[in-house]
Structure formats: structure tokens, C-alpha cells
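You will see two complexes here that share chain A, one where it goes with chain B and one where it goes with chain C.
Let's turn to the complex of A and B:
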């Protein structure tokens, strides 16, 4: 019965994505057209005559009234067509299909590094709370939190990449190991930023759980300290962290846009930056919609994981 | 008190807790013993140090809290035991249950998991054998259709059922001594009665000793063999239950009994003890109870009166032990 309720819930949530999706479509469609400049002048440069610009705009369908353009955009989308890139002349869907796996790899890698840093350090800070260890961990991450992503990226790039030569300074590499090696610095950049957010929450929830009566009961049961820490403390303390991680996926993708540019990684982040500079409307629209879908799906996944971790949650 | 060898013998137990305002001496030189199969009630107002005493016996305190004295359990001094010896004792030979099962049970683990982790740690049972035994334990504590309830989470149990489940968890290792910290305080009266009967039955069936901490003398009267009265971190009086209720030998015990509502024909006006629990940072010289005591005299104010034998199997820390009225006489008068 529980399982049946879950699939019902998932279906409902998926249907709820549709209005969100429509709103994002409209906002993005209008926003890109509010940007100063237009695709034709971006393609043709400053010295193109008004005549040529107008002809190009007609070719791109940009001379039509906005409602018509929007209707066409939606109509194409319903047929699974995001249009063609103006500057690259290939279908947007194919572009995204090629680049998205790179960004997803980077995001998951960054989230993994972030958790790998945050969980042990938060536990250490919580267990040694109000000592110099705690102060050091919190201090370092407080500083990390206030540094912009691009700055951290450049510092890591200069130090570990250029000066020490431990890691490549850009590119994607080939094969899983190659990806892991090439994306280490960018993933670390994003992971550090994420860890800074997670450590604070996780530390306070570990402290809260450690002093909970059920942990005292677990100790009174004579369980081994390791089992108490993993099963009783972390299992509970991670619940708010999972939610926070899910909420930060949007920020992580936003960070990926900057990081991919600094590290010259061929992901959708860089594609987005290029598309914005080139006023490549279909690519911007396609990517924004993709991000919206990813974030919505991650939120749904977060809620499902939360329900799985905390049996008291009621999905409705 | 040269009785048969005690299962647990506590001598001069002291617990000190540093706080910003100064070190709190929460348990001050507590000495008592528990015989095999005996049910000892530890009674006192909140803040008297009774729960702290239980937790100290269990070795639940860590620095900066300090515990000193000796806690001899089955011939071994637990306060000087190695971590390995503790591992073989805590939760294994000494089980403990708490006041509020809703907060003492882990909300994200099934009741079955919480019993089975005990069985695995202390009995080496796992898999199907552990599940079988866990169901048996739930059955033993009177939970209907125990097999199905193993997969339930604590929030799916009612208050009384949760307390039964917590008892089942503590019993998983078949302890020789059960420490019960106000196990019925959070429950309504009918459920309270059921849980107390359950504890009595389990004590018989499993031949356990029990230390029952409570602030409720009614609970003590209903269940315990002996009682130890605590006040301001010290033992004021120890006595067999019947003797204490008939003839309290400490002015504080007398005060507690007089503030208890009687029933039926024994109805007499309640006499509350004036004042409130003592401030452990500013204890009066001499007997800690003297500022609230109707019998207080100059003799109470010098040094703190020690707990001394006043009759066979009875001890009191009251200067006026011999002068106190017997309660039966007072009620019939």
C-alpha cells in the first residue's frame, strides 16, 4: 500500500513540474529578448548595414511579433524540437546531449567531494565542539564560504595546476579515470563551496543528535561507539543535510557555469556562457529549460530520499 | 548490612559536574547495595540526584563530569573497569530503560532493528535467529502480534507499547540488573499500572534485580522491596518498604509520606513540605534538609549527619531518627 502511495505521489509531483516548466519557458523567452543586442548583430558584427541585419532577422524568424515567436517555440518544443543553434547551426538538443553528461559528471563529482569533506569534518567539529579543532574547521569553511567560486578556482588552478603541476589545468580527459583526473580541480572548487554550506548545518545537527536521549540509550545498550556514530548519530543527522544538498543543486549548476569557463571544460556551463555572449536565443532557452527540469527532478528525488530516511515523513 | 553478597554494591559514589556557575556536586557520597532478585526504589524530588546516580552506575558520564567512589558489580569495580570490561557489562549484564520512550527510541530505526542490534552485540545472534528472539522479547513484554510489529517504527506504537518495546530492548541481553529511570512517569495511570506489573513479572521470571528511580512513593509501595530516599545528592534513609511507610526514620521521609494523599478512611489533610529543592551550589551547613525541616535543631547544623544504621537493615542520616512519630499511630489518632 505504501509503495502504491509512493508511485501516486511521484506521478503527482511530475505533473506539477509542467506548470513550472511553462512559467520558466515564458520568463526565459522574454528575458533573452530583453538582453541588449540581438543575434543578428552578434553574428554580423558592428559594421553590418541595417538591411543585412533585417534580412538575417527575417531568416531567423525574429521579425515576427513576440506572441507568434513564442507560439512557434512552444509548438516546436511539443514536438521535441528545441530549434537550431544560431551560431553553431546544429540542433540545440544534440548540443545539449553532447555537453550535458560532462556537466552532470562534474556536478556529481563535486557533490561527492563536498560530502567527503563535509561529513568527517562536521562530525569531528561536533565531537570536539568548542575546542580549537572545531574553531579551525568552522573558521576555514567560513572563509571558504565568503570567497567567490571564480577566485577559488583561479587559486587552485595556479597553485595545484600551474605551479605544482599535480593536476591538468583544463580539459575533460578521456575514460572515467581521465575524467576524474582532469575534473579534480574544478570539482574540488565546487565541492569546497558546497562543503562550506553543508559543514555548518551538519555540525549543528550532529551536536543536536549526539545529545539526544536515543543516543544515550544506544550507549546504555552497550553498542560499539562506531555503530552508535554511524547508525544512530549520522543516520539522523544526515536527514537535514540531504535536503540542503538537494536545495544546493541549483547553486552547484550555477557554479559549474563559472568553473567550466575557468577550466575550459566542454560542458553545458561553457555552452551557456558562449550562447549568452553570442545571443544564441535557442541555445539559452534550451539550456535554461534543461536546468529547470534537472532542478525539479532533483527536488523530487530529495523528497523521496528524505521520506526514505525519515519514516515519520508523510508524502502528500 | 552483613547480608548475602550483594549483586551491586555502591560505596561513596560522587558525581561532580562543572558548570559556568561553579562545580555542582550532584551525588554526594552515596552508598547502597542491591541483592540478587531485589527491587530497590530510589526516591526523591527532581534534582535530588537519583537519575544522575543511575547514569553514573551505567558509566554514561564522560569528562568534564567526574565520577568517583566504587561501583562493585558481581565482584568487579566498574569505575576502574577497562573499556572492554565495560563493553561486556553495560547493556549486557546491566540494562537500562528511560523515562520517555518516544525520545529514547531512535525515530528512524524499526523497533526490530533496535532490539536486534542488542542481540547481535551481546548475544551474537543475527539474521533469522535474531528476528525470532526479538519477536519473543516483544511477546514477553506483552506486545500483541509481535512478529509483525518488528518492522514498525517507534512513532507507530502507542505510549505504553513504546515503553514495553524499550523494556524488550533492554532485556535482549538478559541483564542481571535493570536500571529503570522513571519508567512510568510519562504514562497515564492505567498504563503505568500495567508497566509496573510487567516489571514485577519479569523480575520473577528472569530473576533480575531492579533499581527503580521515581519521585512517586505510590509506585515504590506497589513494587519495591527496599527503598532509598535521596535528597540534595545524599541518601537520607534506606529501609525495607513496609518499615519506611510505617515508621520513617528521617524527617524528610516523614515529610514525603505526609504529603502523599491517603485513601478511603485514612484520609488526612495533605501536609506539603515547605520550600523547594536545595541549591547544590549553596548548601546549608549541616543537614541539607534542615532549612525545610520542622524538627531542625542546633544538632542538625554542625557537620552533615552521616548515614548510620538505626535498626536491622535500616539506616538513616537524621539526627532526630529516634524521635520521629510513627505514621500508623498518627493516622489512627
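Let's turn to the complex of A and C:
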């Protein structure tokens, strides 16, 4: 494919994000307001008198009709202003700026660990298919997949953190090395879960490719097995895995909500949970928009990588 | 005998002296909190997450005593009240300074109290409502009162009466008080034992020693002993405990009561249960009909009393609080000033419960729905136990689980039949809980709809009664009337469970909930 077409495609896809974005905005705006309970109840708690609740709603502009509130929200958004958090009294944009890098770091780290585990093990399982090695690898990951994330998290924390003292118990650390060290256990928790999903797909696609005629041909040509594996098998077998990985990035960010709580990581997952319980409308809106953008971009990236791995893909 | 007393006293003095010399200075205490603070302004905000640590940053004229029963001198070294009870005069200590080194003057006091008592200044302005004007001259602050106010000393020892630096606050960016408060609260400066030095929201907060703090330690030098306190935000209970056991924390709050016994036997942990003002009860809707128009059996006082008698508090204390709780005898905790120790509460008596119910209009039993907080293990343990206990009366309890904000919204709309509830005082005076629990004019007696003209009258009198003895007898009557009317199910009082490393000394969480780090030290 020509380079010009490529960038044209990217631009088109980016423009397509805008209506998605608008729809997400409207849905989220309405959904948070449909939740029973309101910000004033959440901030002021059980003791507030009717007067104070009314005053708070007025100060927050929540006494205005919904269309007015929505118009104001969009108007502010166009100026790059997501509003202030109701409970924390600081700009939402600043909160996201502080917290999002933490979650992204964790997500990428988890994806990397997941791939590091999944690719060699899936290849091994495929090559030794229907032997005890294959059964063991598949069995272990099948069990891993059925264990809840918080349980795995707690076990890792207790064993590798508290008992053996190899890793710190929760927290984010400082500096890149500090982050890598502190986030190892949470990234492993998420990575294991991801690897369990990937191993199954990757194993079957490797088997499919290994038995394909062109691989037989390569083998007959006398190519070294390692070369066959990397150049022919993996490249083709990875295609569905990339799609699956892309689809799972959303789930990874979702999984971060639980992981961030157990491991005391100050990311957006925890911010979202607190915001929902606190009915902090501006924070919920801001975060949902951010997630929508990230997921859209990841899907775009997945398609681009897909096209690169499989030249037959048409980007249009 | 006399000699023995003298010897004992000398020994005690020697021991306490020895202890005094042993206090270690310096170090950082890392304390695990379950959630972060929200907004560090004492006036516009009253969330426990803030006010329970706020006194470390901002000092008040008077301070609550650590037993929760009274007040002690703070920024003011003494105070007096005129004979007619309408003028209160406070004398400030000399040489008081804010944490930035600037002088704390009587003008700062006037400005702070004036800001806090503005009617639009948050929920707490009413605690200072009896003040008609504040005057400042030299080191003397005079409060002129509209009426005598026995609650004022306690009010001046409460978070919203914190003294703030007028100059720094007014110099903060912002068009109005609310905006300035937002800016100032990012990096607040007060005259408390510590000053905020770093805050990464949702992650950690570091409080540094305020070198200008007025209070002296046991070694005769200025408090605090610690160089700094670092709050780590760790929402998960298990993680907080693991971190403490691994030595990464020296203190952890809100230990689940189910883990108390285990931590008590841990050699590295000093599991402490601080007496609190926390009372746990079930609020009942006392109205004849519910919001949907159905007849409400809980409007019958005999039914409410029967349910109270059928509640086996001792069993619940074992099941829900793992033996750490204490039977509730009055609607206020036994740590609240003027709690009446002669109150009987509702001792478990199933026979009496049955005869009361038989004498009511609902002798064949009925269905009742209770709102619980979803995800709360305590609520579920409590309510499933109650299902069994009340089942013996023919009362069928249904549990409806809701998230906290929804539960609050339903409660505020009086759209509930029963709900679980807990309360802690914010001020060392019984008037706060009484105005919420027993006065319809405030929030409809915690939305139960309970109304008593007699209590209203006694309460109004007690708010101006300067004789402690007379006020105590008014409160005895209020507590008895309330008990008899049983607008709520009396359950139990629970402590504040804090796990500390063995080398932590002098840390206190007072019954109001305030965490006091001024006298805390890390011993070798």
C-alpha cells in the first residue's frame, strides 16, 4: 500500500472518532444523571439539611435544566475545560493528567508481561501439541482464567510481597525503575489474565500455520526450524492475536480498577470508582471521554498493525 | 498509709520522669489511610476524611480533651465567661506563630471566627450562631453572645473554629471566599503541630513538623516529636494490614473488626481500640404510612419496643463486631458528655417482645424492608442475624442493598422503612447528636419522623443552661423520653480499630475521630 493512502486512512479514522465521541458524551452525560442519588447527597452525606442540599445544587449548577447543563458541558469541553471535580475541588483535566500516566504505565507493562508469557508458551504448546507439556500449559492457564483478578492479586501480594519480601506491597514508587519494581505484581496479575486469553488463540493459530502447505514447503526447502518459526509461523499466527490484544486493552483498563485498589496504585481506575460512588459527574464524564479516546486509538493502531502483518488487508 | 502514698507518688513520678526522658525525637511515621482527604478547608467542608486529620494542620483556641469529655486550652491559654453568660473572654498565648513564621494575632482569630460563623459558610456555621460579635485587642479576644451558650467552649475546640492566617488566605488567588479557599487549601498554612509539605492526591500526603508550634513535649522542648508524618492511601484493608506487618507502615486505620483478634496476637503489631463516639443503630420510619401509601407497622411504639427487646445485642456484638463492641444504652455513645449512665437501653427479652407485639395491632407479624449499604460485610452479618432474631416474633425482614449515595438519597426523601446507620460526634457536646436524632426541626429526627414536644422544650432550655448539673438533668430526661419512644433500634457502640507498630508511642485517635500526631513518637 502506498504511504499516502495510509495517512489518508488514518485521518479518516480519526475523523470517525468525532461522532463516536459525541455519542459517548451524550450517553455518559445522561447516564450519570439517571443514577439514583446525586452529588449533593454523596458529598454532604446523611446529615445534610434540605437547605444545604439545595444551596449545594445551586452552586454546582445542577438546578439548571438538563439541556442547559449539557450545552455548558459541551461549550466548556470545546475550550478544553472538563470542569472541576465536585468532591476534590480541582480541575478534572489536572486529575486525569496526574493519574492517567500511572494506569497507562500499568496497562502497557501488563500487556508486555502478558505477551512475554503467552508467545513462548503458546508456541511450545503448539509444537508439543497433545503431549503432557501442552496439557500442562493449557491447564494452568485455564485455571488462571477462571480465578478472579482480586484473588490472584491477593495471593501474589501475600506470597511474593509479604512472605518472601521480594516486591513492595502496593504503591507506585518513583522514577521509571521504581515504577517497574512497584508495579511488577499488579502488572503480573493483569498479565497472567491476559496471557491466559492469548495462549488459547495463539496456540491454535500456530497449529494451523505449522500444518499449512507453505510451512511444509519451507521445511522441505531445508530452512532452519527457528527461521521457519519466526519468519513464517509466528508472523502469521500473531495476526488474530494482535486483534485479540487490541480488544483486550479495554478489558485491561477495566481490570486496572480492581488491581489499582488492591495494590494501592493512584491510577484512573480508582479515581473512576471513587467518582462513581461520590457521584462526581465532571470526573466520571472526563474519564469516560478519555477511555473512549484511548480505546478508539488502540483499535486504530490494531488495524494498522494488522495491515502491516498481513499485506492482504485493505485499509479503506 | 500516708507514707505508702508518698512512696507510691514518688515512684510514679520517677517512672513518668524516666518515661519522659525516653521519648525519642525525629523520624517519619508512615500511616496507612483507607482514603485520601478531599479539601483541606476547615469551614467549607466537614467530611471525616478531612476533619479527622485537620487539627494536625490548623489549631483551635481550645482543644478537645483526649477522653472526649471536655475541653483544654489551645491557642488560648485561658478563658472566662461573664456572670450573665453573655460575654466570653479568651487570652491568647504570647508569641504564637503560624507555620510560615508569621505572627498569629487576635485579628486572625477575629477574622477566622467571623468567616466560620457567616450563615452561608457551610453546615457548621450554626455551632457559632450564638456569637453576635467578636472583638480583638492585644492578646484578648472577646466574644459577645446573643444568649448564654453552654456549648461554645466545645464549639471553639471544633475543626470549623480553626484559626487561619488572614493575610495569607486573603492573598490567595480567587474572586471570592470559595475560590480563595480552594487555592489556599492546596497548600494550607495553619498553626497546628504540622504543616502540609507534599500532597499527591490519591497516593500520599506528607506533613512536616511545624517548628513554631507552641505546645511543649515531655522533654520540655516544642512538640511534635516526629519530623514528619506520611499518609499512604491504601483503600484495601488486606493490603493495609500486609504493609504494616511488612514494616512498610507504622500505623494503619480502619482495621476490620474481624481481624482484631489475629493482630492482637501478632508480635510486631500493637492492635489498639480507641474509645469512640460511634453508635450503630437501625433507623426506623415512624410515620403511619410509607411513601407508597402502605400502612407502616413501625408507627406503633409497641412494635418498635418489641423489635428492640427482640434484638440480642450481645449476640450481635459477637457476630458483627467480634466482641469489640459495647451495648448501646442511650442514643448517644457512653463517651459523649452528659451521657446518662443510669440508662437501661433495651436488654434482650424475647418474652417481653412477644407480649408487646401481641398487644399491638400487628400481633400476627408483618413484613419490613431494611436498606443496607451494598458491599458492607458488617451490614449483611447484622441483618441476616436480625432476620433470625425477629423471625421469632413473626417479623419477616427483607434486605435491600443500595450503594451509599442511593441509600442517602432514598433516606433524605423519607423513602425507607428501616436503614442501617452509624454516627460519630464532631463536637464534644451532646447537642449535636441530639439535634439530629431527636429534633424534628433539624432533619426530621434522622428522617424517622419522630416528634416530641417535651424533648423540643428540654433541648431549647439545655442550649442556654449554664449550670452543668441542671443541663445534665435535662439530658437525662431527654435520653429517657427517647428510649421510651424507641424511634430507632439500639444496637452497639464500636471503637476505632488502629494497628500500630510496636515502637509507636503517644498516638491518639480521640473519641471524635481526630487523629492526633503531636505527641506521637517512634521509639528505637
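Just so it is clear, the second predicted complex is superposed on the first by the 315 of 316 C-alpha atoms of A that agree within 3 Å, B and C clash if a C-alpha of one lies under 4 Å from a C-alpha of the other, contacts with A are read in each partner's own complex, and residues count from 1 in each chain.
In the analysis below, contacts are C-beta pairs under 8 Å (C-beta built on N, C-alpha and C of every residue); 3 or more make two chains touch, one makes a residue touch a chain.
Keep in mind the model is a prediction, meaning the values are calculated, not measured.
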Query raised in the report: Taking chain A as the common reference for superposition, should the pair chain B and chain C be classed as clashing or as fitting?
Result: fit
Query raised in the report: Which holds for A:52: it touches chain B only (first), chain C only (second), both, or neither?
Result: second
Report task. Name the contact category of A:88: first (chain B only), second (chain C only), both, or neither. Result -> second
Report task. Please name the chain, chain B or chain C, that touches the greater number of residues in chain A. Result -> C
Report task. Give one of first, second, both or neither to describe whether A:169 is in contact with chain B, with chain C, with both, or with none. Result -> second
Query raised in the report: Between chain B (first) and chain C (second), which, if any, makes contact with A:12: first, second, both or neither?
Result: neither
Query raised in the report: Between the C-alpha centres of chain B and chain C, what angle is found at the C-alpha centre of chain A, to the nearest 10 degrees?
Result: 160
Report summary line: With chain A overlaid, the minimum CA to CA distance between chain B and chain C in angstrom is 47
Query raised in the report: Which residues form the common part of the chain A surface touched by chain B and by chain C?
Result: none
**Report entry** chain C to chain A touching residues, read off their complex
**Finding:** 35, 38-39, 47, 120, 123, 178, 182, 185-186, 200-203, 232-236, 238-239, 242-243, 245-246, 248, 402-412, 421, 436, 442-443, 446
Query raised in the report: Any idea which chain B residues touch chain A in the complex?
Result: 58, 60, 86-87, 89-92, 95-96, 98, 100, 103-109, 117-118, 121-122, 153, 155, 166, 169-170, 173
Report summary line: The chain A residues in contact with chain B across the complex are 212-214, 216-224, 227, 231-232, 235-236, 239, 309-312
Query raised in the report: What does chain A use to touch chain C in their complex?
Result: 35-38, 41-50, 52-53, 55, 59, 87-90, 95, 98-99, 154, 157-158, 161-162, 165, 168-172, 261-264, 266, 270-271, 274, 277-279
